[in-house]
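Look for chain A in each of the two complexes below; its partner is chain B in the first and chain C in the second.
For the complex of A and B:
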């Protein structure tokens, strides 16, 4: 059953099912998100991961960091791997052939933004159209961090990556970030949300809704990456706080494809310059000649916030 | 542990996390499980650390910020006997750090809200008693 979690004291009673001595970087937000997700439920979990930081770092032979059944197949198919397991589970249940029918099982796919926004996209779309009872969590660190920091379609404009480096002729990536949350909501799935690990209460509420939704659920989780965003490992939570307060990652949910609700409104909205200034990947944007990028980006963030508020108000 | 070569595996082979069946895993703490030698719980990343966190229980308010944000499952939250109004009761508390799995990232210290902090990052080779004896005083305003 998904638990009602009111405070961290209760939350902390969960016994870990994601073990340490995985090889994710110190201060990595991926593992914060995974821990928060797993510890938010008492259900048994079947988890799949697509290729990415999480996968390569948590299953390094001869070790596994997972205390739950966990599978990795390829870059693109975390979604279909778990959808297959879910379909089999349903079929066995229907035929009364479950080995232990009393066990309460949830199906979860966790992959990075490269595997979600780009490489695995058609697979996810298929799973959502077929309506599997599964949750898909995207660990969105806006870059292919596992292979050395190449840009993905989640990388925001102006970020310097190894395939969109900033320098004399370029300000970094030229294209804007893809809006995956809206795309997934357009599938009409019962529940789609954006979360951030630093807002654990918001995250836990959304996970509960997601685990109880009974259909395909998509969660986009902001994952601040100390290595590719280039900030000190101890600052992961600080950077994440500024990201949500600058509305670069607004926290909201969309139910049944349309009903949009904003779940966190910053008391003081910060300028995105504060967010950009904390990270090495945006260092060059602080130069005079790139000021127009920051200005345009701020306008986009404001416009998006306005759009979200209007959608919430209109309830459509 | 004896390692097998890439061509010595059966197709579809599995690594088992535990030696025996663990019923009700979400409620069985790590010390009560029988981990297999393939579980990364049996491995150590202590050598990654340049700095280590030191925990000072005297200032801790059991907010569990460190527990929720530790990326390496290395903050230990357990039931502990405490005295409340002259009575001894068991209460969920922050009890310490798992130095086998802690990578020394410093997140726990950075999110600790007390003044002075209840978690401090110090040089890996510094001694706990020395650090505790020289714990900083209340600062008033942060930073």
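For the complex of A and C:
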């Protein structure tokens, strides 16, 4: 059961299970995504978070921002933590020992891209193979933001990070971003989607669909990082808009591992240069000697968009 | 409802089977596990119980030991009885989460079937995994044989889940020598065993939505110290609960357990201190030596953590010389038993001579012959009133004799 939220005003009135009092940076997209995820269901929630910006900003003893049961174990194991809780729920249900047996319960893991694409990948893959009834949301800011901006395997090519800095002889990160959405879809998950908080209606629709899908559901949420992407904290939504309109973050979903649907088609597709130019992490790519990186990246974005459209048409 | 099993008065079980039955009888709610030699049969047996309808709980076969303990932590925080099993490399892989389980005060029971740590790779029994985890904040119980593995696994739940303790518990048994050696085991019937363990008492369960709880918060220099000190305090003060559970178990079964076990110690002049299966060999050796007029005794730690600092000194009161036998080699130091026991004896009025023997690494045999030699060297120390051998020696090691200090 998910509730209908039709407009932003209704959001503002939705019950607060994630308090506004937290330590995330001004302009951080994490809190928008988390709040909207929690509001996308009326069910009780058990939430886990891996070590990362969200975790260190919301549970600093003796305070907590969580008005829902919440657990953090380590960097890598948010998926398995909530899978363990889900297993306990099933056991207690079978044994008639649930504390509030009449309530519907959803299990949600939320971690960053470092915890998802890299250190926790095995754990997530295991959880999805075993088919736990849980949703996993990756807050994808393409960097180890919590520890000062080191590269992750989600960091796109050319980004300057503290462990892949641009310099006299380097254009920044040499490797392309890992395609986590396709990888998770390949697990045969009932529902996998990419979302962005600026397209909130699309995001909420997908979150609700995910909560109702039953089984392990993966959501990759673009989370623009004012600190590490280096843009003004007031520009989070604007940067996010350009990201989806330049198709750097295409919004789509994949059901049951195969059925791909594009959920947002920009009226005017922007060149990725417009997106890159907004962020300090790509500043060096604007130099003439790095033009080939931008050119290749644009080709990759175009090819990916073509691929997604063909997959959608083919219905496979 | 799980089907009950009719057990014989005496079953022939190896240590793994004994532990599996203890988990079954405790009606564990969630087992999250990953198989590893030599603890694999615990998980396999449990799978069979599940397949035969003899277990009601959830069994989550995860993709690594790290995930096993992570799943156990999530499940225990959710609010129910949780257990798993591991050995060696698997233990090492879950070590990060061992500390977190203790820090979150989750009474998970971990059946550790002790095995050497690589490299070189070795599947046989020694206590390297036990030693590696001894500072993780868990209660550590040690067994010698399948009967004790069964008894102590049942007691682990009752100790860890006690509201005054609320700490995870490791129950150690020696890889292969105990885990794969079938012996006679007198098990309780299913009802009596469950009645003894009792219903799980929830404390701050995540699945109670009337009182949302935050597990695994962050504390820095402002609060971390207080949290860890409180945890240590409750750990150090768990002795009375452990002793009470031992007492209740004795009333039920007649089988007696103590924080520190003493064998032939009443008039002993020399003593060996050891853990695990070696204790039984040492007792037999002491009995043989007594026929020769040597007043030999044996002491063992039933509870390694919390460390029975007072009781171990008390147990060794009156002996002239002690040999501490470590089945693990702490890199670059004397054995753990040597260091901890000498620390305890330093504060006693009576300070016997203490030596350290490293033995049995990677499953190397420890024979009665070896133990006789150790006793005899210890007797020589006692007779001379000073050390006649180096402090640290190695038993059964090939090549040039290796000694330290």
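Definition applied: the second predicted complex is superposed on the first by the 314 of 316 C-alpha atoms of A that agree within 3 Å, B and C clash if a C-alpha of one lies under 4 Å from a C-alpha of the other, contacts with A are read in each partner's own complex, and residues count from 1 in each chain.
Keep in mind that, in the parts below, contacts are C-beta pairs under 8 Å (C-beta built on N, C-alpha and C of every residue); 3 or more make two chains touch, one makes a residue touch a chain.
On a predicted model such as this, the values are computed, not experimentally measured, just so you know.
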| item | value |
| --- | --- |
| Partner chain in contact with A:202 - chain B first, chain C second, else both or neither | neither |
| Which superposed partner A:89 touches (first chain B, second chain C, both, neither) | second |
| Which superposed partner A:8 touches (first chain B, second chain C, both, neither) | first |
| Touched partner set for A:97, first chain B, second chain C, both or neither | second |
| First, second, both or neither for A:61, with chain B first and chain C second | both |
| Chain B versus chain C as contact partner of A:130, first or second or both or neither | second |
| Partner chain in contact with A:245 - chain B first, chain C second, else both or neither | neither |
| Overlap of chain C and chain B interfaces on chain A (superposed complexes) | 44, 59-62, 64, 66-68 |
| Residue ranges of chain C touching chain A (in the complex, touch as defined) | 29-30, 32, 56-58, 60-64, 66-67, 70-80, 82, 96-97, 100, 202, 205-210, 212-219, 223, 227 |
| Residue numbers on chain A that touch chain B, as the complex places them | 8-24, 26-32, 35-36, 41-42, 44, 58-68, 197-198, 200, 232-238 |
| Chain B - residues contacting chain A, complex | 1, 3, 15, 17-18, 22, 25-30, 33, 37-45, 48, 62-65, 67-74, 77, 92, 98, 100-107, 109-111, 121 |
| Residue ranges of chain A touching chain C (in the complex, touch as defined) | 44, 46, 48, 55-56, 59-62, 64, 66-74, 76-77, 80-85, 87-92, 94-95, 97-100, 103, 105, 122-123, 125-126, 129-130 |
